[in-house]
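Take a look at the structure set out below.
In order of appearance the chains are A, B, C and D, and numbering begins at 1 in each one.
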Amino acid sequence: MNKVKVGIINVTGYAGVELARLLSQHPAVELASVTGRSLAGQLLGEAFPQLSGINLTIEAKLGQVELAFSAMPHQESAKEVITLLDRGVRVIDISADFRLKDASAYLSWYGVSHPRPELLSHAVYGLPELHRTDIGSATLVANPGCYPTGAILALAPAVKSGIIAPEVIIDSKSGVSGAGRSLSLKTHFPEANENVTAYALDGHRHLPEIVQELSQLAPGSPPQVSFVPHLIPMTRGILTTAYAPLAPGKISVDREGQQALLKLYRDFYRDEPFVRVIEEPPHTKHAWGSNYCFICPTIDIRTGRLITVSAIDNLVKGAAGQAIQNMNLMLGIEETSGLGAPAVYP
Amino acid sequence: MNKVKVGIINVTGYAGVELARLLSQHPAVELASVTGRSLAGQLLGEAFPQLSGINLTIEAKLGQVELAFSAMPHQESAKEVITLLDRGVRVIDISADFRLKDASAYLSWYGVSHPRPELLSHAVYGLPELHRTDIGSATLVANPGCYPTGAILALAPAVKSGIIAPEVIIDSKSGVSGAGRSLSLKTHFPEANENVTAYALDGHRHLPEIVQELSQLAPGSPPQVSFVPHLIPMTRGILTTAYAPLAPGKISVDREGQQALLKLYRDFYRDEPFVRVIEEPPHTKHAWGSNYCFICPTIDIRTGRLITVSAIDNLVKGAAGQAIQNMNLMLGIEETSGLGAPAVYP
Amino acid sequence: MNKVKVGIINVTGYAGVELARLLSQHPAVELASVTGRSLAGQLLGEAFPQLSGINLTIEAKLGQVELAFSAMPHQESAKEVITLLDRGVRVIDISADFRLKDASAYLSWYGVSHPRPELLSHAVYGLPELHRTDIGSATLVANPGCYPTGAILALAPAVKSGIIAPEVIIDSKSGVSGAGRSLSLKTHFPEANENVTAYALDGHRHLPEIVQELSQLAPGSPPQVSFVPHLIPMTRGILTTAYAPLAPGKISVDREGQQALLKLYRDFYRDEPFVRVIEEPPHTKHAWGSNYCFICPTIDIRTGRLITVSAIDNLVKGAAGQAIQNMNLMLGIEETSGLGAPAVYP
Amino acid sequence: MNKVKVGIINVTGYAGVELARLLSQHPAVELASVTGRSLAGQLLGEAFPQLSGINLTIEAKLGQVELAFSAMPHQESAKEVITLLDRGVRVIDISADFRLKDASAYLSWYGVSHPRPELLSHAVYGLPELHRTDIGSATLVANPGCYPTGAILALAPAVKSGIIAPEVIIDSKSGVSGAGRSLSLKTHFPEANENVTAYALDGHRHLPEIVQELSQLAPGSPPQVSFVPHLIPMTRGILTTAYAPLAPGKISVDREGQQALLKLYRDFYRDEPFVRVIEEPPHTKHAWGSNYCFICPTIDIRTGRLITVSAIDNLVKGAAGQAIQNMNLMLGIEETSGLGAPAVYP
């Protein structure tokens, strides 16, 4: 069997190195080339001793591949993506550059004009649970943000079925790896350890992504979302707790309604290989190192609200794992290929 | 100066040992007696080496004191409190036994009938920011729960001023010491570390406390509260993020409204020695080991909602420190006495 | 290809559940039966949501298998092992019951007489780097302790080559999962977090194992070992720092000697698939979730001492992974089968 | 009572901010001026919200004070110290610039010539347990390093009494705050969390300090020290485990010897307010946030070695607290003044 050659642009960030880890175990593709500016010339296993089984040198420019992952920061990623597409390479972009359909939203949230707005409509938002078919035939997949992945999956069945009113509150708790490998005071160990804080109270860049996707599910009644992310003293994981009033008359506010809600979610995700709807509140630990998303939907009977909680690993389902899931769909191979490993526990 | 003799019932839990730490530094009282069932007969400094400067033996029964703290679990605490009151000792009860004014609520949330319901109206809810005067003359103070302290302080100015509608969401993140010193799988290090989870989705016992106190502030429009607590991999601290729609026409939904909101909070807490209203989201680390509560109120301009975030140390302002603040008020000494130490950072 | 049926006795501890995780991904064996006293009757995926992809019910008695892992505590494990051997099942015992060759040492360290001392000479100490051939043909393999694995691998080349004197100091730092899933105050999150402590200063049960194996490598000059384990606030990983005086005249005490030492270690482990000799001090994170052992040997030129540092994951190379490596050898399949995954980083 | 005015140079590092915390609670001195380059002009409470009770602006140059603490990095600190001494201000230098008596050792370990070698003999090494009298009359005190504090206190009684041979191994485990507030990859949360590593295997700068002080205690038989520091995933605390062969015939290698050893240590530290000799291995948590040092000396009866373990808070007894202890001695006030608070637990 001929393996498909794939490459990673910017292997040295956390999403890049996680891609390398997962791809090195993938049965149907060959990690053929990796780039990284500051470490170009080093063996991958020198920079990251745990990857010394992968015999690759970090390059300045990507070698010949059929499909590439770009794990560059936004803005810089767009440039790489455009070059790759022009070379005929299919691309999965881990950055935010092609997630928003609306170029003016990109300008307003990222502070720069989009370099190729006409590509935005071609790019497919890479959440397989919502866009599986389009992903399969895409040349450019915009891999979702980590927060949007957890938030959209937690809410999609409720939004699509119309059982909730638009007043949606999303409160997310993320491990520190979500802030990346670049140094900052807030991710300095003595500052982040034994500490929790909310941030981006005036608007996080993942908000428009969440709103875009949820609005597509309920075009007539787009959700009005407040989203507050929190930094938690752990390395990996995002727990999202979402709240919304139940729409009147759609579902009963009692234990029977809770069972109906559970069924609604289970039906929605029935054929999804990586979503597990459960009856107890999930632990981010259930997903640690794996591509699974655990969701517990429930009704707050006292107030008639939906409360739904999801747990993912921000670097797997929230980044590298989902990118590989998208790659599998694009290559027409088994969707779960290379992604079956359960969470590492404890 | 004659120091007032005080005692601690059940010094061996986290609230008890924190009381001992703080009282050992207090200039106006003498920690004269401490009890603890399983460790009775041991020196306090044997059981807790960091307290070997306190020369006290853990006793089975409390010695002669003027004022006592009960740090027993609920139900058991009520018995101790009743005995102490009958002996003429003023009491600050750290447990939940005298917090709810409504005996039927106690029955419904704690599963047992209250042993002395007639005391419930005599007990004062020990949140000095709301009940300072009553605390001063009380014989029995019910020290607030850790979650309610953070939640009520985060919301009180908004509720009292009527600027928010009743649809209140409270999402709290607590360090593991909040679960106490008793062993359980969820507080076993390998399970709690690198993990976040929501719990008590069907109703936490601190909810009725929160509702009781907020409702007193807005009798005509009692808040409809959803409250979800989360367990965070750190030892101390509670961060509470609270959300509510702004009531129409009360405050402008723009930057000016944000300044007005800040002023509203600063005016409300102007004379409070332990509440600090700040413009940046607080870190639980700002409060670590101290009796301070940091609050950041803001308006989500996109949605017209109040988002307010508070940070406390669950064992200090959320338990032992607040109990000492109450003691100071009861004894007519300086309210900040023994409580001035800033947070230990980092 | 017919998969070999294997089973796990006591799947509910950390070694057991880690075996299940790894075996569920193994290409050549089928996890056919798992037992666990307290949880018998539950689906494995109910007890451990991350394992819901494994369709097995936890049983009270082990079903039909060709090879079994016993992850019972010592003493209880011996009984299970004896029963299994009598049934003709090959066994890998994760407990300490068959590690010591000397029944009187077992009595003195474990406080009970060994139930079948005649089996001790049949059992093979399952460290493939020292006993690969014997493991292949064994019916009973005694899987090494977590500390001995890291300590023996750190020292074996030096001891065998005779370059060090017998005065060996081993200082090990272990994550809390090494203490197991049973609850205790020292593993209660608020006690273990932000804390380091030494323990077992008067002798840890892993000491005789270390001495036994190192002595076999240097029969004429058995090492005199001091071993102090430490509990570290992390879930997984053991870092071992070992110290010994260099024997006079065997290796030069300078940079050339350091290169010779490195070569000695690299030659010793040349064909080992899971040992990596490196020039920088290893991080336990390099091994996290993987079966690899990283070793950095060096000479303290000022004092003429060997200092060698090893890093493993205590639950993989220190328990379940090494057990599967042994299984692979016993079954005559590729030694690395099912164990190739690199560490999960960060 | 007139309070003595004191100042802090470079308040913005961890040692500086810890000095501010402790001095703000000190009954006999007034924190009158603080400097910090990057944050000059800000209120201390803006930069560090937990210190908003201290009404001071961070300055570019130190104001008028009687005594100053320099918390600058080495080399830069020397310049500040020299200027202050020339102005007649007594100085406690937290940096390493005046700790080594030997200017050539300074050159060899720090890579630069000492700017005022003649001051080295005037400076007093500020470990009160060894140099109390000299500290009292000093104009310049060199505050010990964090590792040396724990290591010297753990070994001093044994070295001075001659009960051990010179072959000393010191294995230290430090929390990440010991690496300071400057950013680096090794202190980035996702790298430091769930990780342990040894570092500086070829020699840490604290080694010559340890050797200098221990050698003064045993001039005829200076110890030959190997010292390996380790980075531990916690914020504060250093645990030091030290090993040395017992000198023949000085102390019996049995339980009686253990009691004699305990008595030797207790006698040595009998009048020390901040050293506690205990019989169980100490936890760094016992010292968390406090100026106490806990020491457990024991004999490894199997091998005839001393094993002694000490625990301190690296930022208190290992830096700011010890500096204040030195200040108290220099000012002739109660040595424990402002330092009596026990550890914050848990």
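Following the convention adopted for this analysis, contacts are C-beta pairs under 8 Å (C-beta built on N, C-alpha and C of every residue); 3 or more make two chains touch, one makes a residue touch a chain.
As the structure is a prediction and not an experimental result, all values here were calculated from the model.
Separation of chain B from chain D in touch steps, taking the shortest path, is 1.
Looking at B-C and C-D, the interface holding more C-beta pairs in contact is that of C-D. Chain D has its Cα centroid 38 Å from the Cα centroid of chain C. With each centre defined as the average position of its C-alpha atoms, the distance from chain B to chain C rounds to 46 Å.
Along chain D, residues 14, 175, 177, 181, 190, 193-194, 233-236, 282-283, 285, 288, 346 each make contact with two or more other chains. Chain A contributes residues 14, 17-18, 21, 24-25, 48-54, 177, 181, 193-194, 235-236, 276, 278, 280, 282-283, 285-290, 292, 294, 340-346 to its touches with chain C in the complex. Residue ranges on chain A touching chain D, taken from their complex, read 14, 175-177, 181, 183-185, 187-190, 192-194, 233-235. By the touch criterion stated above, chain B contacts chain A in their complex at residues 167, 169, 171, 173, 175, 190-191, 193-199, 201-203, 224-226, 228, 230, 232-237, 239, 241, 243, 245, 281-285, 288, 296, 298, 300-303, 305, 307, 309, 311, 346.
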